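One structure is given below, represented as structure tokens, and several questions about it will come after.
In this document, chain identifiers A, B, C, D, E and F correspond to the written order of the chains, with residue numbering beginning at 1 in each.
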Amino acid sequence: MSKFKAALIGGGSIADKNHIPALKHLSEQVEIVAVCSRDAAKARALADQHSIPFAYSDAGEMYRECHPNLVVICTPNNLHYPFAMQALEQGCHVFCEKPPAIRASEAREMAELAAKKGLVLAYNLQLRQTSEWELLMKCKASGQLGEIYHIKANFLRRRGIPGWGYFTNKEMQGGGALMDLGVHVLDLALCALDYAVPTGILANTYDFIGKTGGKGLMGSWDPQKFEVEDAAMAYLSFATNASIMLSASFALNTQTDIDRNLEVFGSRGGAKLFPLSLYTEVAGELADVNFPYLEAVDIQLKNTSAFVDACLGKPSNVCTAEQGAVLQEVVERIYLSAIR
Amino acid sequence: MSKFKAALIGGGSIADKNHIPALKHLSEQVEIVAVCSRDAAKARALADQHSIPFAYSDAGEMYRECHPNLVVICTPNNLHYPFAMQALEQGCHVFCEKPPAIRASEAREMAELAAKKGLVLAYNLQLRQTSEWELLMKCKASGQLGEIYHIKANFLRRRGIPGWGYFTNKEMQGGGALMDLGVHVLDLALCALDYAVPTGILANTYDFIGKTGGKGLMGSWDPQKFEVEDAAMAYLSFATNASIMLSASFALNTQTDIDRNLEVFGSRGGAKLFPLSLYTEVAGELADVNFPYLEAVDIQLKNTSAFVDACLGKPSNVCTAEQGAVLQEVVERIYLSAIR
Amino acid sequence: MSKFKAALIGGGSIADKNHIPALKHLSEQVEIVAVCSRDAAKARALADQHSIPFAYSDAGEMYRECHPNLVVICTPNNLHYPFAMQALEQGCHVFCEKPPAIRASEAREMAELAAKKGLVLAYNLQLRQTSEWELLMKCKASGQLGEIYHIKANFLRRRGIPGWGYFTNKEMQGGGALMDLGVHVLDLALCALDYAVPTGILANTYDFIGKTGGKGLMGSWDPQKFEVEDAAMAYLSFATNASIMLSASFALNTQTDIDRNLEVFGSRGGAKLFPLSLYTEVAGELADVNFPYLEAVDIQLKNTSAFVDACLGKPSNVCTAEQGAVLQEVVERIYLSAIR
Amino acid sequence: MSKFKAALIGGGSIADKNHIPALKHLSEQVEIVAVCSRDAAKARALADQHSIPFAYSDAGEMYRECHPNLVVICTPNNLHYPFAMQALEQGCHVFCEKPPAIRASEAREMAELAAKKGLVLAYNLQLRQTSEWELLMKCKASGQLGEIYHIKANFLRRRGIPGWGYFTNKEMQGGGALMDLGVHVLDLALCALDYAVPTGILANTYDFIGKTGGKGLMGSWDPQKFEVEDAAMAYLSFATNASIMLSASFALNTQTDIDRNLEVFGSRGGAKLFPLSLYTEVAGELADVNFPYLEAVDIQLKNTSAFVDACLGKPSNVCTAEQGAVLQEVVERIYLSAIR
Amino acid sequence: MSKFKAALIGGGSIADKNHIPALKHLSEQVEIVAVCSRDAAKARALADQHSIPFAYSDAGEMYRECHPNLVVICTPNNLHYPFAMQALEQGCHVFCEKPPAIRASEAREMAELAAKKGLVLAYNLQLRQTSEWELLMKCKASGQLGEIYHIKANFLRRRGIPGWGYFTNKEMQGGGALMDLGVHVLDLALCALDYAVPTGILANTYDFIGKTGGKGLMGSWDPQKFEVEDAAMAYLSFATNASIMLSASFALNTQTDIDRNLEVFGSRGGAKLFPLSLYTEVAGELADVNFPYLEAVDIQLKNTSAFVDACLGKPSNVCTAEQGAVLQEVVERIYLSAIR
Amino acid sequence: MSKFKAALIGGGSIADKNHIPALKHLSEQVEIVAVCSRDAAKARALADQHSIPFAYSDAGEMYRECHPNLVVICTPNNLHYPFAMQALEQGCHVFCEKPPAIRASEAREMAELAAKKGLVLAYNLQLRQTSEWELLMKCKASGQLGEIYHIKANFLRRRGIPGWGYFTNKEMQGGGALMDLGVHVLDLALCALDYAVPTGILANTYDFIGKTGGKGLMGSWDPQKFEVEDAAMAYLSFATNASIMLSASFALNTQTDIDRNLEVFGSRGGAKLFPLSLYTEVAGELADVNFPYLEAVDIQLKNTSAFVDACLGKPSNVCTAEQGAVLQEVVERIYLSAIR
């Protein structure tokens, strides 16, 4: 079988540190042929550094000359939509960074085009690949949790407004903590509910700390240019009577610098992660189950591999185009609810 | 000044263990004259045990013969309303167990009658009296938290469905975990927001474990007779843009047997309790403030004393009739939201 | 149904603190009619203290006058045999302190007489009644441990040679750490193997510290009068290929003052106790299972109750006469092996 | 003084990672002249990597051409005997990996030939070189432990069946957990008893987990090809009345992934390691002695150095040919006992 | 031998809770005949409560009527001197609370009169009786510490200004933290140096917190009436080149509420207490020695018993009149140094 | 602005590891032109290793040829004075290693010459640059500590006599633990008191362990050649009534291998470091304030940078010539006090 010819669009650190190394590990299935960035020099440097044959600042040129059939998009959020649409039109499978897009309608359109073209469009929500989450999904599948009815999903930073990139730019990113961090744990929570679409959403967003300034633990930010939410709180209710409490923050007066955790409550058992513990009954007594020897895995590699599996038509747990469209819809409805 | 003449309505353990001892500690201001219970023998035994002069099974008779001017109501929830109305009509100040009533309209009526009569009606939500909460309210008052915009309030039991009393009886109690446990932390959360009335509420209630049965840590319960919610999850949104996430459970597959905690997030500082820690900045650095030597206090005594202070026209932090009406309204709207 | 008429033989603290309180808790089934001790004054005092009608210094007289049908024996070890034989001859059910006897032949004879008379003879090995052990036996029964093939059973004291009673007197007690402590965990280990009889035994006993003297944590002892083993180490091998490592000590240069624990290794899971943890696989990963909310129970009350159940012909997990005979045989073979 | 001319037989990772680096550190005394492996390419690669002059696939050729006078054997266990005999016949000192051989008679023969030839034959049991063990032996020598009478020696892995090499091949390795892991702690335990020969041995071996399969923490293994014991339990009794409890496992349902520890009980003091703590009396009180600043040492380097010291006629604590013969005899008797 | 006839002077809680219970435990040697307090009613009540035959408000009367031969003085500090002198004149052995007196000259005079009269005068510095200190003195005696050359002695409270009694009254108590707390650890430090007299003293005292007021952990105090030091810091240098750093506080902005500890540095070993740890070398390695099973003892009973032993001419480690005179001299010199 | 031309005098590891890397980080302001060491080869090697143009063994020659205007002195202590005087005479700013000199008069002379010449002379006491100390000084400046009145300053090693260099040579180093370690924490303590000059000093020095020998944790030392103090204890009293307790050791029988800490007691708050905690009152309750996210910083780089700032006339917290003169005076007075 011939290898996929992969191109990357976006020349930032996520390409450099995550996607290129992962693709290179999969060299039996994928060959990186080009990298494309608005900044030609950046594209060039990245290509040189990783021994990638071609570098472009124009995607059209890239498609014409290199004919890739697999494209990884790691641009600012507002460019996910145009580049994904173009790639699909060019007949390429697309692996797109999260969040899927800026607007729900964009993600929906992207999913429709992929379906129409019979191509794989998938999103890089790689927490699905942690050993803890995979194990939890196994427990769910085997019925050990019973019916899952409530989830608390948190991705909270105390003072983690990124001091670099475009993270506080509303136009380019579409939002703040929810777009950047919240989608990760929201994706997991939705997975636990088989990606049902919520019937009710109530939410609020905040920007007190972002607009005031102060100590930063991930570099310094300019409160004058802080245009997004530093915290988003949301409640999702489902037709099945399930519910999700979602909290995401770049900045919040809380204890730990980074707190990424989920609690999953089912009728037969509950779970907390990370790390993973189960709370259930064993032999008629309340039991806590811990997994002291779970492996740390390279979740980027596993997620890229899952995407490639999908392209090959194999079973895969990568976030699908359809799921991405639902995810983006939920994000948009959260922002809408918060406007009141 | 003459002492208040107090009567208790309800002859259960809350009268025996909480209210009577507290009132006796306040013997310079209050004299217990009678105890009244549907069960005449119970009333008699309680009166004898605590050397209370009179015991009744009929409240009307009690009012006629003893002329109390202060009444403590500790009956099942569905009797709060009729007994409180009667007591107010009789010209008595009323100290009523939580929740205020079964329906929001009842609590509203009670507040209106108290106002009309110029009497004190207050509720026994005694977590307000903990050293931790009082200290937090001091910090709020002095501006150390800035504007409070989000609160997570939890009162969760793993397997704490009470194996005694009427706790699982819908008609007598009006509900389960929310009515019995949730109101305590909801009251605190509303205090932190100056008892604003939420503009939006979204909620769900559950009864998986209650209806299935299993190991109990607070006695055994009969799943056949389990009529209330074992868990309630709710989100409250306010006109000020503040929000509350509320979780209450009798039974939930979670780690600890009893987890009663709040997180309060403000623009200048945050707090977690119990115990109390503050998360803020000191001299430009992120600082955690702990209070290793806070006193344990008798919160029932302090709350009863706060009620008596209110009756004497002194400043008091006891839960007022008006606050109780708001609290009951919120509870009712949570249940309504959960019906969908 | 009429109550059992119980008599106690032996007037020491084990009667006073363990057996009499337990029997009194079971007053619906048992009535204590007499206590008998070589020391008439002691018998009298004990009877008075617990409002027991009669006190004797002669057992024959007691049988003639009181006609008990249930006898509890809590004398020094060398009197278990004669008093148990006498009680059985008198037609009484017998609840005897551990160890069953001094010699294996005695315990065997006792079991045979009980069988012949159709009476219950049982031994007070009450660790069987701990929540941890009962839960472990449930797990065993449900197959969660698979086939149990190795057990490490330890009852070790660092400097716990009792400074009172007859514990160091060879003639009265028959031995030291093994007779007094080791039998408890040996009984559990044998239960885990369905009370199989070992085919091979290799063992050693020691008395270095007992004969040298030094610091005592349970009173002082006289090294001149130390006649028993301060430590016993034994290995038991079974026809099923199972094995037990048994360690018991009154005195040993080890870390903790008292270390009573078992490790049970099965083909599908292992366990450590006390407290109880399971080591197994869940969903294909190595899992540790803990039981944070096991109840502390009154194991003496439960064991006495189990004995009474046996007398009533109900199912019971009390140590039977037959098991006691096997236990005594193993103890004797351990001492024999250690003589080499 | 001229340097030893060293050759290595066996080209696996133990040569690569342990022996060659150690020998190179001792370059003032030893010069590595050749490496020999059945697999010529492997020998060549290893020689090149470490700048060793010659590589052979035939040992005879190596002896003829290189004339080494010091040979390190790190082949599969079943080749220890033939290669050691050959090396001794060639007049070389021999440093052999553990276990000494497959059969007791082989190790005995090897020791006899070494003695006859006046050559050093020693075994790489390098736990003797840990700071903890050396310190314990000093304490033993100075009498701080008194007479040592009981030892518990454990080398337990929870799921550590090696997923590489020949570890589960009965013919090549002679056994499993006992041969590979148990010999390390058995060697230490025997050292503590001055390498006395046990008079009684009772033992069992198991293969439940190895033959069933499951999660592996050291790679995956094939249960179909699992021919050795996954656990060995043994009791050794000595003429001096001392005793040893030995436990070794590749796989056991126990808590920790790797638990390598010894407890040594003496008449005046006891010890637990690793790390080392002493349990004794100081000034008439029970005292625990810890050594918080013991150095971590390169035990392979120290053991190789001890072997070279022995070759130079200096005092050395390396495991001697005679000790190796006793060790192998004990191992064989354990297996024999377990056959029953 | 006839019993001592004991009288107590001072009717406060130290008589009630410490001295009377201790004397009663020693009823074979001592009989309490009278209690004397300026406040006749207090004396009467105390006598009644403890079944002491006589109560006085006038000491002279007490001596005339009761003829005690052993007097315990537990008055405010400024009365130690006059009552001790009177008691000695009356031919009584005297057991006096700490500190010995207000002025050094008083303690010296008291010691001289006791010597002249051949009577025992001793002080109640009961920390000497802790198991930890006794064990440390044994280690010192056996040479395990070598030459002791430096001691850090601390008795620090964070906010422990007593809210009762006369503790902040300069005239009655003579000083604050040094007089009340510091003398305890100073006494121990001087014991470690064989009660040598320091050649140089440099010291400072403070009253910032005491005079400012604030949160109290031992009741509230009136900053207006705070006349003593809330903290004393001192350095003592000895002719032997030994040195002591002494710190005592009623109030200090430090971590723990009460921190009473000593560090003792000797040429062969050091110690920290409470609890006691030794830092030394064992077998050539740095070793920490802990004593996990030291008994908690009733130090008041042991100290009273030591005083009685002294009265009986037996060996005793109670603080002697001579040591008390040195202690008081050091205290006075610390205050003098602090005046600068 | 032109860059400073820097030269280093002293070719040891402190030049290699600390000063040269720091200066190179400041390459926009400083250019290293030469390195000078008595040992010409050492100078050469150091220059080559760091690409420094010139190497000298004669400082005079260096000044003549290279004309540096900034000199870093990192020689043995006894050469600080002559080289600093020479450098100042040559018109260079001087950054000198601690301690300032051997004698107080030297440091005073150095300060006077620097003042006369209008040059910067500063000392490398880099603990001032820790995040913890800088934050504490901010808290002091903002009044959060009130008046600071007592400081405990410790720099203690258990067995840290350096086994290399000249640390135990009295003539070259001027002293031991005080000169090498004590000055660091003494400098901080004096900073906390605005570098007041103490009015009273009492001190002792010791050399028991240094002269006896034993286990070393920082290499081995020769007790025969141990000429300095292994421990210094001192008390400093100030005209403001403030006081300092100072303890420094190379070797002391204490718990931890290295214990470098300060406690600072003020009228409104106290502090302990490292790490930094504050002990104060918040909202009327005792509060502990911790700073969990302080950054680890390169204190050498920050201190060198502070020195360069001073040379540029910018504000700087580097230890000044005047402070160094006071520090040296205090050190000398401590040694003088200890001679008694």
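Side notes on the structure shown:
The rule is short, and it goes like this: a residue touches a chain if its C-beta (ideal position, glycine included) is under 8 Å from a C-beta of that chain, and two chains touch if they have at least 3 such contacts.
Everything numeric here is computed off the predicted structure, so don't read it as measured data.
Ranking every chain by how far its Cα centroid lies from the centroid of subunit A, the top place goes to E.
Its C-alpha atoms superposed on subunit D, subunit B is turned by 180 degrees; the angle is given in steps of 5. Once the centre of each chain is set as its mean CA position, subunit B and subunit C turn out to be 51 Å apart.
Rounded to a whole number, the gap between the C-alpha centres of subunit A and subunit B is 42 angstrom.
For the pair subunit C and subunit F, the distance between mean C-alpha positions equals 69 Å.
Computed from the mean C-alpha positions, the centre of subunit B lies at a distance of 61 Å from the centre of subunit F. Each of the following residues of subunit D touches two or more other chains: 158-159, 215, 217, 284-286, 288, 292-293. By the touch criterion given at the top, residues 146-147, 149-150, 152, 158-159, 199-204, 206, 208-209, 212, 214-215, 217, 231, 233-235, 237, 241-243, 245, 247, 252-255, 263, 265-272, 277, 279-281, 284-286, 288, 340 of subunit C touch subunit D in their complex.
The residues of subunit A lying in touch with subunit C in their complex are 131, 135, 138-139, 142, 144, 278, 282-294.
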